[in-house]
Each structure stands twice: as structure tokens, then as C-alpha cells.
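Before anything else, here is the set of structures, which you'll find just below.
You will see two complexes here that share subunit A, one where it goes with subunit B and one where it goes with subunit C.
Entry: the complex of A and B
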């Protein structure tokens, strides 16, 4: 028996894109001749990948989470204010930030499922509330500083036997990804995808759609809090640290071939989409494309990715039309 | 009143909906909420010894409502059709620049400037619509992509305000009749025109049909692609009008005038606040204008009360979610009643 890697549908294209981008990086950037360059890329990409995994849960179950960017900002700002440079506060502040993420996810999920408000509106409202509350609390200029212990997760590294120094953030990223893959292979994960595909069918077959959706939002909130901790390691503390991250995470998920509206796509592809996005920005940077055009390129790419995903099969059919009934079934001769 | 009620009930649902005259439509709720807000606001501001609805207050509300109202009218059409447009904020900035740079301070160039800005806006709307219908991209992604492209263009070419609007054209932004700015009247005229278009013409009905159920609409012979493209072109033209209006107020074009005000999400908020379903097929311009005035009045009240500006965002978020939760409950109640009877 030969073992073939099982790829969920729609995963292959984004892996090809990622591979091409990595090859491009190897050609253009001298830093990418050795593993450390790629580790640095992974480390930079870690917060976005974690966010994209969280966003994947919500999108695949048929929703949107626009509040993650504001949640990341809130996480960083709250941590900086509460830690204020004191090392001893690190542990409980980290727990608090994670708890805050879960709480925000819980509110998003409960309002969506119990009050029947579309998740786009709920999380848009949450975005406004969080942004306003952060500015209100800090007066526009966040104070305080993160402790070295807090920043370790984003910028520190740990010795691993074979690979040498591996950044903490890469290890956390791998752990999150592995957990997400295991989760999606399990019954709950499958039910989550099914809820995004056909809510009525899941309900009729005894699935608890509301609980599944709630779980997706809680996971998204928790992962956004983890992303905030990772980002706090190398970004400066400001009230704009998470700006636009929600759209970037959605872009990454869509780039991974996940269908908006739910029901299609794999979590590995979503993570690969986020990594591709980061690799693309790095490549554009190396090629000297101005930062301003970066967003234009991002725009063209997501339109192309989605058009490919929805037209792909059609285009292929037109290029290589399937022969219809190439062999006529032999008619039994009647004598 | 009867006109309002008739408007908010899509044709297809007239049969199943019982006793329309007894139940308040979302449009009625919006205007009751607006009246309540004006009364509460007047009392709160009155306690400080000031008047909310004096000359300055009315002017303030109407000025805020004009720009957002124009964007939201367009957004209403996109959302009614089951789509949405995230590119309007950058488009407002872009059209303000195009108008101001074409005019370049010359009175003779006012008309070409306006026409060019509207033409470019229509072109962007056409691209939005075609990406959605021909490339079959989700509207969220399609318009987000176009928004990012516009942003790249703006960031690459402009660092700050550019262009110059002739003094004569600034009358559009500042002239008023009594306490009412001319531009606000023009905005209301555009709203009336859209109301007529949506509820009294065939293409308007088609928008409701496509937003209600695109498959059913297609099978009934509605040219769904054309309807979606039209909605996006009209939406972008409305954003273009906003850009022109803002150029006339600012005296020049500004690349981030639309995004600083957050017109993309703000206009969606106003539309949904006005009782239009985010999924499309139900709602209308009348409710949207109510939603716009609620947001504008909230802002003005907070200004008068000298509340921390960031608190506004918190309240706005809560108001938005509460309103939509209310509409959702009413719709469930209606549906349950429809089934029982």
C-alpha cells in the first residue's frame, strides 16, 4: 500500500503559489540561501498565520470576524498598560489577555447566534466598540511598557537539537497549526464545515449549529489574543498596531481557497495563504516595489485568487472539454 | 405614511404578511427612534443651558448627513441587490482629487471636472460589477480588492491635498437657504430620485428581486448580471458625488477624506441601521436616510455635550448591533406569525 499525502480540496493551488514565492525569494534575496532566512520569514508571518487560522474557523462556518484587528490592538495596549515594565506581572497579564480574547469571541458568538444579527454587523460593532474603548482608555497615546518576559514569545528563540535556534513564535505557530488540523479532522471540526455548507441539514441531523458557531468565534478571539502576544514581541506599543489586520487575515484565508460563506476549504490552506501573503510582501520589498503599490498588488492578487477559485473548474473545462460519451455502450443485438 | 409602508414591503411578501397597518415597519421604527433621539438630545443639551436644534445645530446635523447620506444611498442599492461595496471610501478620496485637479482653480473647468469625476466613479463601479458577475468573485472580496488597488494608486501618487477648486464652485458646499444647506437639499433630491427608481421602476424592482433570491430572479427572466452591474455603477456614482461635494467644501481634493471618515463601514452601518437587510432584498432609501440622520444627530449631540470623541465609536457600535438585533427579532416574529395563520 502506498501512502499519498491527503490534501483537502483546494489546498494544492495555494501550496504551488507558496512554493513559487519561496523560490522567488531564494533567487532574489541572498538572505534566503540558508534556513535562518526562512525562519525569520516564519517568525514575521506567525501573527498573521495565527489570525488567519482563527478567521478560518469563523469563515468556514459561514461568518465573518471583522473585530480581530481591534482585538489585537486591545491585547497589546492592555498588556503594556498592566505590565508597565514589571516582570512579575507577565504571567497573569498573559492569562488576562487570553481571557479577554475568549470573552470578546464569546460576545461576538452569542450576539450572532442568540440575537440573530449577521456576524458582519456584530463584529463591525465590536470593532467600533473596541477601537473607541482603547482610545478612550489610553487617550490616544498608550502608556506603559511590555516586560522582557512578554516580548520573549514574539522575539526570543529557543535551542532545538537539530535546527539550532528556533524562534518561540515559530514553535507556537506550529503548535497552533497542529492543534487546528487535529481539531478539523475530528467530529466537531467536520460539523463546523458542515454548518457553513448547509445549516439546515446539520440541524436536522442533530448538530448544534449555534454551539458550533459560538465555538468558532471563541477560537477566533483566543487566536487573536495569541497573535497580539506574538505581535507585541516585535511591534511597538501603539493604538494602531492591529489596524487593517482583519482584512489582511480575511485576504489570507480567501487566498487559501476557502469559500466566503462557508462550507469549503482547509485550515492548512488558510495558513499557507497567510504565509504566501507575507512571502509576497517580502518579495515585493526585495524587488524594490514601493510600499504604496503593495496594497494595489494585494488587491489584484485576491481578485485573481477568488476568480480562479470560482472560475477555475469552468476554465479548465473549456480548455480541455471532456468528451461526452466517448464510447457508445454496445447495444445488445436482438435477433 | 402609506407610501413608506408600501415601500418597505417587497412585492413578493405582500401575500403572506398579515395586517400590515398594525405592525410598525422598520422604516417607521427608524424615524420614531430619530424623533426620540432628537427629544432626548434636546433635553440633555438643554440641561447644559444650550439648545440642540438652533441654527448651528441644524446646520451641523445636515452637513454631517450630506456626505454620509450620498454614500449611503449608493450603498443601499448595492446591499439591496445582495452585494456590498467596500471601495467607496477610497473612491470618495479619488474623485475629490480628480474633480479638484481638473478644475485647477478655473471657473470654466467646473463642468468637465464634475463629469470626469463621475465618469471615473462609474468606471470603478463597472469594474466592481464585472468582477462580481463575470469573474464570479464574492462581492466582499471583489470590492475589497478594488479598494486596495485604489489605495495603492492614491498612496503612490499623492501625499496630501492637491488641486484647487474655484471660488464659484465652493458655493455648492457653503450656500444655504435659511438654516438648510443647498447641498443637503440636493442630497435629499438624490434620495428621492433613488426612492422613485427603486420602488416605481422596473429596474428598481429587479434589484429587490435579485437581492431576495438571485436564482428565482434569474429563472423569472430578470437579467441578474445587468442588475448587479447597474447597482454597483450607481453606488460608485453616488460615492463620486460625495467626492465632488467634499472637494467643494474643502477647496481641494484630499486622498484620505473618505477613509478618515470611514465611509466604507460607516455607510454600511447607516444602511443596516435604516432597516435594510444586509443579505439584500428588503429595505430602501427612506430607511437609510433615517439611519444617516440618526448617526449625524448622535455625533452632533456628543459634540454639544463635549463627550470624549472616542466614546462616540463605542455608542455607535452598540446602537448598530442593538438595532439589527431588534429587526431580526421582529422578522422572526413575523415569520412565525405567517406560519401560524
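Entry: the complex of A and C
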């Protein structure tokens, strides 16, 4: 039997896009002649990729998590305030930030599943609550400073045999991705996608749909906290550090061919979507396109990706909308 | 406003196929103003399709429709409406938070200048209500404050407001409580007195005899007979509705010593949809659960499986009383349910054959057993699924293969009790046979099977015993190989009616 690579449906296009972007970078940017350039790109992309993986869990199970951007901000601001430059506080503050992410995810998930509020609204509310709380707490100007130990995860590097110096964030990213892939291959991961596809079928198969959904939100919260730690490494501490990241993560997931509303898409593709997005912004930057256009570009991408997904529901790349069959079978004209 | 002239409609030689499957073949039907015409037949006889042809929803492949002697052709429901034909559907189409008058004139509100002429809307609605003699309903009442029977009146008023002279009513009593049925009878009789032609679709024997002037019977999409109600007995009707050959092949039934201990027992079980259920299903036995739509067959299945649990009585699995309040509990007790809606709640259509096959195992019994690849293959071989591979999405499979995947998903957890609801609906003959053999094979291995089916030949051919439901309660039990007439008599409440 021959081995053929088997891609989840909708995965192929994003890989093509990513490849084209990387080729583009190699042509345009002199820094991308060497592996170190790509490693730097990967390092920059790490927080977004981690966020996109978290967002993937929620979207593929049929929801949205709009709170992750505010959660990243909260993570960075809380860490800066509590560490306040003190190296000895680093470890427990990191644990606290992770715990906070889990807690926010738990609240999102419980309100969504138990109070039956659509996740779009729950997490939008959470975004506003977190934003407001950060503002109240900091007065708009966060105080404190992160320790070098904290920042190491985002900006530091470690010697790896053969590869040389590899950024910590890239290693963390790979670990998260590997764990996500293993999780999605397991029974719980498959049940999560199935719940996004057909909740009733999972429930009538004895599954606990609420728990699966809750788990997705908790994972999203936890990964947002990890993204905050990575981002804290190279971003400055501000009350705007996570602004708009939720939409960027959703764009990345959608670009990865994951179906909004759930039920289809792979986590690798979502991660590739995030990487593509980062590569695209880098490329635009190199081409001298104003950074102000970033959000406009992102808007176009999200609409185009969803339109592509709804028009061409097959694997084939369609350049024109598929012929829509009339719902009813053809009927002979009666005289 | 409604005029006083009676309208007659004549359908001649109506044929209709869907995707090559003939549903109606040369059916005749004549409706006269001031007459209640009952349309009877088993599930799948073509009643609803005929009603939809009359309503202009389906265009017939052959045959003619005449309204008052002139041949017409309906391109859509609006044309039928214009010809004075309206259908009252089982599911009401009213907006609950709007008033009666607003609902009646929804989408065609009378206007005065640019504004909706509310006063005229209310006045016209009131006039129609008065004309019907329904003074209990005010045009300004919100629909949500009305009873189900009153909502039905609003539906009818809505139809009359379009000058309908011909009303098709599809199972109008299905949604009504017992005391409301009499109100509906009154209403139908008043409509008849006022010259409306009524096509009354029902499979409830008593209603048809109480209300109708003439009866047309369909069977398997064909016209069987049309006769004045007074000239027919209920025995005649049952014979006309069934009476076909049992020419199909079914696997051998269980021999008496194949039967093991009682695996599933219901003792006095009931909830708000079904009652007084005393059912025992033994290992090795297939028990058929017959009944018309709405008789509570599926409600029994859903209750056993914990979807809408029993609130009274006892459920025993292998002799131990159990409280089954949700599907997860049922699955863990070894109860499986193949639902009647394969695509709606049986399969996750975008997932692969493999993922669906393992769905129960993963969702309900996490980490319980091996996840060996050979396992899935063995299961799929056992149910003889034909797919491009384990990784094909199930939505691309035929109905028959999809149903086999549903069965495989349950076989993966080796259930003790298997409840199947319409296991062969919408699948081809070959797959049907495979499903039948599989069910019998499972029974031989000691599974207790409870089978629900609207297809009487299938139910009779497969079952070792048949329980017949009527109106939410058991109407009787019949031995293997009982006649279709016997089943139908119990299902339509015919025998029960005689005894009363």
C-alpha cells in the first residue's frame, strides 16, 4: 500500500498560501536568505499562532472566543504589576497568569453552556469586562516591570544541538502545537469536532457536549495566557498590548480553512493560517505598504476566506462559484 | 370577502415522482363545495404529496387539475391560492407575538396611503371570525395567548381571508387535546355549511367516520377507492388501506429456545407522551412496535434512551431497575438507539466514516477499549459499508451506507438492548435487506431488539412479537406474522373503539 499524505479538508489552500508568502519573503527580503530570518519570523508569530490554536478549539466546536485579546492584555499588565522587576516573583506570577487564563476560559465556557448565552456575546462581554477592569486597575497607564526571567520566554534563545540558537518562544510554540495535534487525534479531540458538526448526534451517542465546549474555552484561555507570556517578552507593557488580537486569531483560523460554526478543520491548518498572516504582514512591510493598512487587509482576508469556504466546499480550488443546483428535482414543463 | 358560490375541484390522473421514485400514480380526487372529503391511507401512501399538488407546492408530472370545470396549472402556491385553494398545515405558521389580525394579513396588509390600515385589518378579521361563529377570539389578541385549537381557527381565518373556497387540512387533530377535538369538529361542520370544500387528511378512523361525507383511499401512491362514508365500514377501510402481498424476504425468526432472559423491561412506564407501558424484550428477540405517526412509538424509544425520560414506572435492564435520565446513562447501561433522523441526530455528517464509527466509544466510554485500526475495519466489514475508505466523510455516502455506519457506531460498544426507529427509511432495497439481516444477526448474538417501523410489511416480516400503540398507550399485542389488517385495526383504534 502506498502512503499518501492525507490532509484534512480545507487544509491544502492555506499551505499553498503560506508557501507563496515564504517564497515572496525570500525574493523581497534579504534577511530571508538564511534560516535565521525564518526563525525570527517564527518567533514573532509565536504568540499569534498559540492564540490561533486556542481559538481553533473554540471555533471547531461551534463557538467564538472574542475575549482572548483582552486576556492577553490582562496577563501582561497583571504580570508587570505583580513582578515589578523582582526576579524571585517570576515563577509564581507565571503560574498565576496561567491560572487566570484558565479561570476566564472557565467562566466563558460555563456561561455559554449553562446559561445558554451565545459564545459570541459571552466572550464579547468578557472582553469589555476585562478591558474595563484593566483600565480601572491601571488608570490607563500600567505600572511595574517584567523581570528578565519572564521576558526570557518571549525574547531569549537556547542552544539546541544541530540547529544552534533557537528562541524559547519557538520551542514553546512547537510544544503547544505538538500537544494540540495529539489532543485532536485522540478521542476527546475528535468528539470536540463532532460536537461542532452535529451536537445532537454527539449527545445521542452518549457524549457530554457541554463539557467538551467548556474544555475548548478553558484551553483557549490557557493558551491566551501563554501567548501573553510570549508577547510580554518583546512587547512593551501597555494597556493596549493585546488589542485586536482576538480578531487576528479568528482571521488566522478562518484562513486555515476551519469552518465557522464548527465541525471541520485541522489545528495544523489554523496554525499555518496564523503563520501566513504574520508572513503577509512582514511581506507588506518589506514592500513598503503602510502598517495602517493591516486591519483593512485582515478584513479582506477574513471575508475572502469565509466566502471561499462557503462557495467551494470541496477540496478543489474553485475560481468561480459552483453551479447551484435547484433544490427541487427538475420537473418537466406541463402544458 | 368570501363569496357564496361553491367551488368544485377535480384532480384527474395525478402522477408525481421524486428522483425517479413514483409517489403518486394516476390518482383521482374530487372535492365539492359544502362537502367534507376524507383522504386516507397508510404512512407513505401519498396523502401529503397529493395535498401539496393541490396546494401548488408540487407540480404534477402528469394529470390535470380542474377548478369549476376549467383546467388550471399551478406554477406555485400563489396560483393555487388565487384559485381559492388553501392548506392548513400540521405545523402552524403563525407568529406568536403578533395579534390575530396581523397574522391573518401577514405580508398583504391592507394599506391606506403609506400606512397599514389597522382598523380595516381588525374589522375584516372580526367579520371573518363572526362569519365562522368564533366569538371567543378577538382580532387584537396576541396569538401566543390563544389555545392550540384557537390558533387553528386563526389559520383557517387566514386562509378564508384570501377568499379560499377549498381547504385542505393535514392531520388537523394531531396537535389538539381531546377536549379541543370536538371544537374542531364543530368548526369543520360550520365551514361545510358555509359551502367550503374540505379535504380532510387523517388516519384516525373515528374522526373520518364522524366528519366526512366521502372517503378516498390511497395505497402506495395509487387510488384505491372513493365512496360515500355511509357505504363503508371500518373493516372495508382497513382492507383498502393495507391488503398487499407480503412478498418480500425476511430472515428467519427466532425459535423459542433462541430466546434468553429478559434484557429490557418496562413496567407501568410512562411520561407526558406515553403511558401504561408494560413491555419485555428478551435476549435474541426482535419486538416490533407498531402504530401510526404520533401514536407514541418514537416517544417510547426516546424515553427508553433517556432523551425524554419516563417519569412514571420502572425500567429494568437485565433485571435491575435503572433510572435512565439521559442518553449517556443509557449508553453506559448498554442501550443503543438508532434514531429515525439519520442525518439530523444520527451522524456527524462532515466527519469521516471512522470518526462516526468511533463516536459512541469515544464520546461515552472514553479510554474504555482499544483503539486498534483493525477494530474499525472489522466493524465496517460486519455492517458491509461501501465507502472509498475510512476517511471519507459520511455525507458523501448513500443513505444505506450511512445507516450502516450508524449501526457500526453502536456495534462498537456491543449494546445489550438495541432500539431502532425506522431503520430502513429512505434506503435502497439492497441496503434494507442488509440491515434486516444485521438486526436478526444481532438478536441471535443475544441482543434484545426493539424495532419501530411505519412499513408494516417490514415490521411484520422482522418481528417475533408486535406491540401496537394507539394514542400514547399500548393497544394490544400480536404474534409473529400477524396480518397487516390486524395491526392497522389496533393502530387506528378500530378494535378499541368497538370494545368501548
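Everything below uses one rule, namely that the second predicted complex is superposed on the first by the 311 of 335 C-alpha atoms of A that agree within 3 Å, B and C clash if a C-alpha of one lies under 4 Å from a C-alpha of the other, contacts with A are read in each partner's own complex, and residues count from 1 in each chain.
Definition applied: a residue touches a chain if its C-beta (ideal position, glycine included) is under 8 Å from a C-beta of that chain, and two chains touch if they have at least 3 such contacts.
For clarity, every value in this text was computed on a predicted model and none was experimentally measured.
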Have a look at where A:290 lands relative to subunit B and subunit C in the superposition and call it first, second, both or neither.
first
Look at A:50 in the shared chain and tell me whether it touches subunit B only, subunit C only, both, or neither; answer first, second, both or neither.
neither
Could you tell me if A:263 is touching subunit B, subunit C, both of them or neither one (first, second, both, neither)?
second
Is A:245 touching the first partner subunit B, the second partner subunit C, both, or neither of them?
neither
Examine A:122 and indicate which partner it touches, taking first as subunit B and second as subunit C; both and neither are also allowed.
first
Just subunit B (first), just subunit C (second), both, or neither: which does A:207 touch?
second
For A:230, is the partner it touches subunit B (first), subunit C (second), both, or none of the two (neither)?
neither
Is A:131 touching the first partner subunit B, the second partner subunit C, both, or neither of them?
first
For A:193, decide between first (touching subunit B), second (touching subunit C), both and neither.
second
Max touched-residue count on subunit A (subunit B vs subunit C) belongs to chain B
For subunit A, give the residues common to its interface with subunit B and its interface with subunit C.
none
Spell out the part of subunit A that touches subunit B in their complex, as residue ranges.
64, 111, 115-118, 120-122, 124-129, 131-136, 140, 247, 250-251, 254, 260-261, 290-300, 302-303, 306-307, 310-311
Mind listing the subunit C positions that touch subunit A in their complex?
18-19, 59-61, 73, 305, 307, 327-328, 330-332, 337, 339, 344-351, 355-356, 358-367, 371, 391, 393, 409
Per the touch rule, the subunit B residues reaching subunit A in their complex are 131, 135-138, 140-142, 144-149, 151-153, 155-156, 265, 268-269, 272, 278-279, 308, 310-318, 320-321, 324-325, 328-329, 332
Spell out the part of subunit A that touches subunit C in their complex, as residue ranges.
6, 9, 187-188, 190-191, 193-194, 197-198, 200-208, 259, 263-264, 329, 331-332, 334-335
